[in-house]
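Let me give you the structure first, and then I'll get to my questions.
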Amino acid sequence: MPDRRDDVRYELALASRMLANEGVLDAFGHVSLRDPADPNRFLLSRSRSPLVVEPADILEFTLDAEPVRVPTERLFAERVIHGCIYQARPDVMAVCHHHAAAVLPFCIAGVPIVPVFHLGAAGGVSIPFWDQQDEFGDTNLLVAKPEEGRSLARSLGSHVAVLMRHHGATVVGSDLPELVSRSIFMCQNAVYQLQAQLLGKVVPLTPGETKLAGSLNALPNVVGRTWEYWSHRLAEAGRMPPRPAIRKAKSRPARRSAAKGKAARGKRTRS
Amino acid sequence: MPDRRDDVRYELALASRMLANEGVLDAFGHVSLRDPADPNRFLLSRSRSPLVVEPADILEFTLDAEPVRVPTERLFAERVIHGCIYQARPDVMAVCHHHAAAVLPFCIAGVPIVPVFHLGAAGGVSIPFWDQQDEFGDTNLLVAKPEEGRSLARSLGSHVAVLMRHHGATVVGSDLPELVSRSIFMCQNAVYQLQAQLLGKVVPLTPGETKLAGSLNALPNVVGRTWEYWSHRLAEAGRMPPRPAIRKAKSRPARRSAAKGKAARGKRTRS
Amino acid sequence: MPDRRDDVRYELALASRMLANEGVLDAFGHVSLRDPADPNRFLLSRSRSPLVVEPADILEFTLDAEPVRVPTERLFAERVIHGCIYQARPDVMAVCHHHAAAVLPFCIAGVPIVPVFHLGAAGGVSIPFWDQQDEFGDTNLLVAKPEEGRSLARSLGSHVAVLMRHHGATVVGSDLPELVSRSIFMCQNAVYQLQAQLLGKVVPLTPGETKLAGSLNALPNVVGRTWEYWSHRLAEAGRMPPRPAIRKAKSRPARRSAAKGKAARGKRTRS
Amino acid sequence: MPDRRDDVRYELALASRMLANEGVLDAFGHVSLRDPADPNRFLLSRSRSPLVVEPADILEFTLDAEPVRVPTERLFAERVIHGCIYQARPDVMAVCHHHAAAVLPFCIAGVPIVPVFHLGAAGGVSIPFWDQQDEFGDTNLLVAKPEEGRSLARSLGSHVAVLMRHHGATVVGSDLPELVSRSIFMCQNAVYQLQAQLLGKVVPLTPGETKLAGSLNALPNVVGRTWEYWSHRLAEAGRMPPRPAIRKAKSRPARRSAAKGKAARGKRTRS
């Protein structure tokens, strides 16, 4: 009988692969979820690129970023990013750390990302900058120590994302769909902002518009549409995560017919 | 027996997917067609990303953007864009609203898109700007109320497109092929205009050239070529809309052989 | 028995598709070849996007751009580009007219393309600009009249390419491989030149370097490598032109095994 | 029985294809490996695009860039790049010469690439520039003569890479994984640096940060993740090199099932 825990692991692998497929994550970056059954635990994969994460790779950690079971596999050095944010922000249920090409130029030039289109308002009125150099001097720029994770969480404060100088960004959400759409829309916003600046000048949304548009990405109408769209693109690319073994047994006939073509596989993911 | 209405729904799903496949539409945006059998009705899909729209998703609306039959599915919040334009512009038979990456920088910087190459003349001599803020103050930037739709239609006036500040664009056409090519060529024009400005300066077509070149995209020679090309690319990507059930029965043998490879599928779409 | 003429048509369809697959051609643009058997004739497809051109689409024209046989299909309006250049330049055996995204910004801003890397020297020391407006005033920018074609050919002079204001480019070669590589390298050169200008300043090759590097793309070592590479990418994309019917009969067994996978198909094209 | 030499040839073909698949190499460029069994020899493919290199294409050369066995195939003109660097740098085990689109703008404008994000530190604190013109005057810009190769090696000095004016770059590593990740991260760094400059100004890492972050790409945790990720993407694209014949015999059953789909092929590469 499939277990609720299996579903959660599958959804986390799916979100990881979706963000990789949409260009937010690459060889690096990671996505975590606070354990729905225990707010003092979070789920994160072993050290593996998000594009290839499987449900079976997902491990459980305490909020001190210690694995609950002794691991046999390598772990992400930066798992304190997740633990420290879950400690500091009880409202946060999901965290994504990434090095997306869209945000790196801002992380290098030190230019703030501001909301420039309605969906970009998902990043909030302002996104703080954190520079590891300020507090820790020269480092290898990984956020690997608890005090580095806590410093980053302080900089995040009550915002929905934080930019990390010379490194990338960390985004939070109240669930996986919100996290995924926020991360994607922030990247689109960054691309458009850079090009608007090249064209002339960047005119951001007003704070009032940002507040009103900021929750568009959480509307059921929008979540349904984006989740189907990104899932469909993931399935088109042949990148859906494998189902846990017990499910495989159940769905064997379906998979046999699905093997006939891309279209069929695309469909399966929408059912 | 296949119904003319089925053909119309299929063509609308095809145009939606084509525009998604060419990068004009993404998770968002929508394409509508005035009902060929009743100028006081228009056809638009339920709330779903254009890449995955199927003929069966297409519903009928009055020009007040009310569904003709009580819907069981979610509807687009912004369907008034379509209804208000069909009311104001009896010559318009098809409407596309999009957030294409190519036009967003112009929508943010407030820089006009001007015709910079012969095919870009499809956008006309000038494209007006509409800023929801002017008339409605702070909003979430969706065009969801009838008065917002009417305001947008007034700004469009007799032009072929209107840019929406911090949001995207809306394009009109006298049929689906004209709408599709106009939308694609406007995006190409925007990309080239931005890069020409980075290189030196933008020298637009003269008004005389724009008028003469503006109808190139409606020449039979050109429509035949572009429609085949965009259809072929859609088929190559495995993204053709499903045929209604009754058609499937008829074409079963053809589809069996078509399943052998991409090239075969590409061919099928041209027959 | 396969006919030499079939081979020629196949090679021309292959070159057209290669240039489309590499982003030089899109829905528009066309490639012609002077008839190897008769210098007063040239071969060009019927009006069809180069990505989908088949050997059977290739027709024969006099140098006045008149079809040798009464055509049953639509012809390109701009076939005078080819005829007028073959008349003016006996050394030219192949012509490509395109609207590549890489060159359009230069055609709009009026900024010359200069050789900025060794392979970009394939475009020669300088590439002239032709503006239809200068001689013909306001037009729809198509080069459709013999006098327009002759004017363009005069502007090309003894160069290897000519840029067309607000329109695109026309490139010539002494055979199809030279034409294909020149067209592709000119586009790469344009992209790098624009970005170098954004970074700082464009330092072109010296005239001496340009002359020495300008023939690199015709070295057997290089032609062999690029032709295999672009063919392989075309085959990977499932875009190889169909073989004429008589060939199909001969190669049936090979094709059966090739149907097993992409890799196999890739191989076939190299044999 | 599979031979250690076969494994080495396979790994070199794999690294070549990986770098092509990630956009560092295109029709041109080449990757070599110092012979693990004899430091006075190196392995390099015959003249062929790296995307299609097969283990059987890999030949052995002396450090004077002379083939150990009389070749029946064409050789790269620029193999002295590899030989001269192996002579000058006993610590170097692998060399990649490329014309990546990401670095060309820097090679044209003469602007130095500096480390702008943690992974970009893989290129070191500074990357020297070499201009063939300085010492050799007008050339065709190929590095084909021993004195040209020695000049380039002198310019490289003890750095990890050298930029070549109007031509490309050459990168070195202590093994293939380090070479591959350095080459890819340097290209990402160049793209982000250019965009950061357009946004505002480029703030590089401090020398201390560069030194500490510079070895991140050699950490086992990181090498494992990136190698799996780039291999997976190569397999997804159907571009894995063919296994030598003797291996084929052994793995026949595995390949038969792998032929069923992309996902299956992707998996195989990770086992």
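Going by the order they are written in, the chains are A, B, C and D; count residues from 1 in each one.
As a convention for this text, contacts are C-beta pairs under 8 Å (C-beta built on N, C-alpha and C of every residue); 3 or more make two chains touch, one makes a residue touch a chain.
Keep in mind it's a predicted model, so treat the numbers as computed, not measured.
**Student:** Going only through chains that touch each other, how many steps at minimum separate chain A from chain C?
**Tutor:** 2
**Student:** If more than half of the interface residue numbers appear on both sides, call it same; otherwise different. Which is it for chain C and chain D?
**Tutor:** different
**Student:** Determine the centre-to-centre distance between chain B and chain C, using the mean Cα coordinates as centres, and give it in whole Å.
**Tutor:** The answer is 31 Å.
**Student:** When the C-alpha atoms of chain B and chain D are each averaged to a single point, how far apart are the two points in Å?
**Tutor:** 44
**Student:** Give the residues of chain B that touch two or more other chains, as numbers and ranges in rising order.
**Tutor:** 197-198
**Student:** Taking the complex as given, what residues does chain D use to touch chain A?
**Tutor:** These residues of chain D touch chain A: 116-119, 188, 191-193, 195-203, 205-206, 208-209, 211-213, 215-216, 220-221, 224-226, 228-230, 232-233, 236, 260-263, 266, 270.
**Student:** Across the complex, what residues on chain C touch chain B?
**Tutor:** It comes out as residues 26-28, 47-49, 51-52, 74, 77, 99, 101, 104-111, 133, 137-142, 165-168, 194, 197-198, 237-239, 242, 259.
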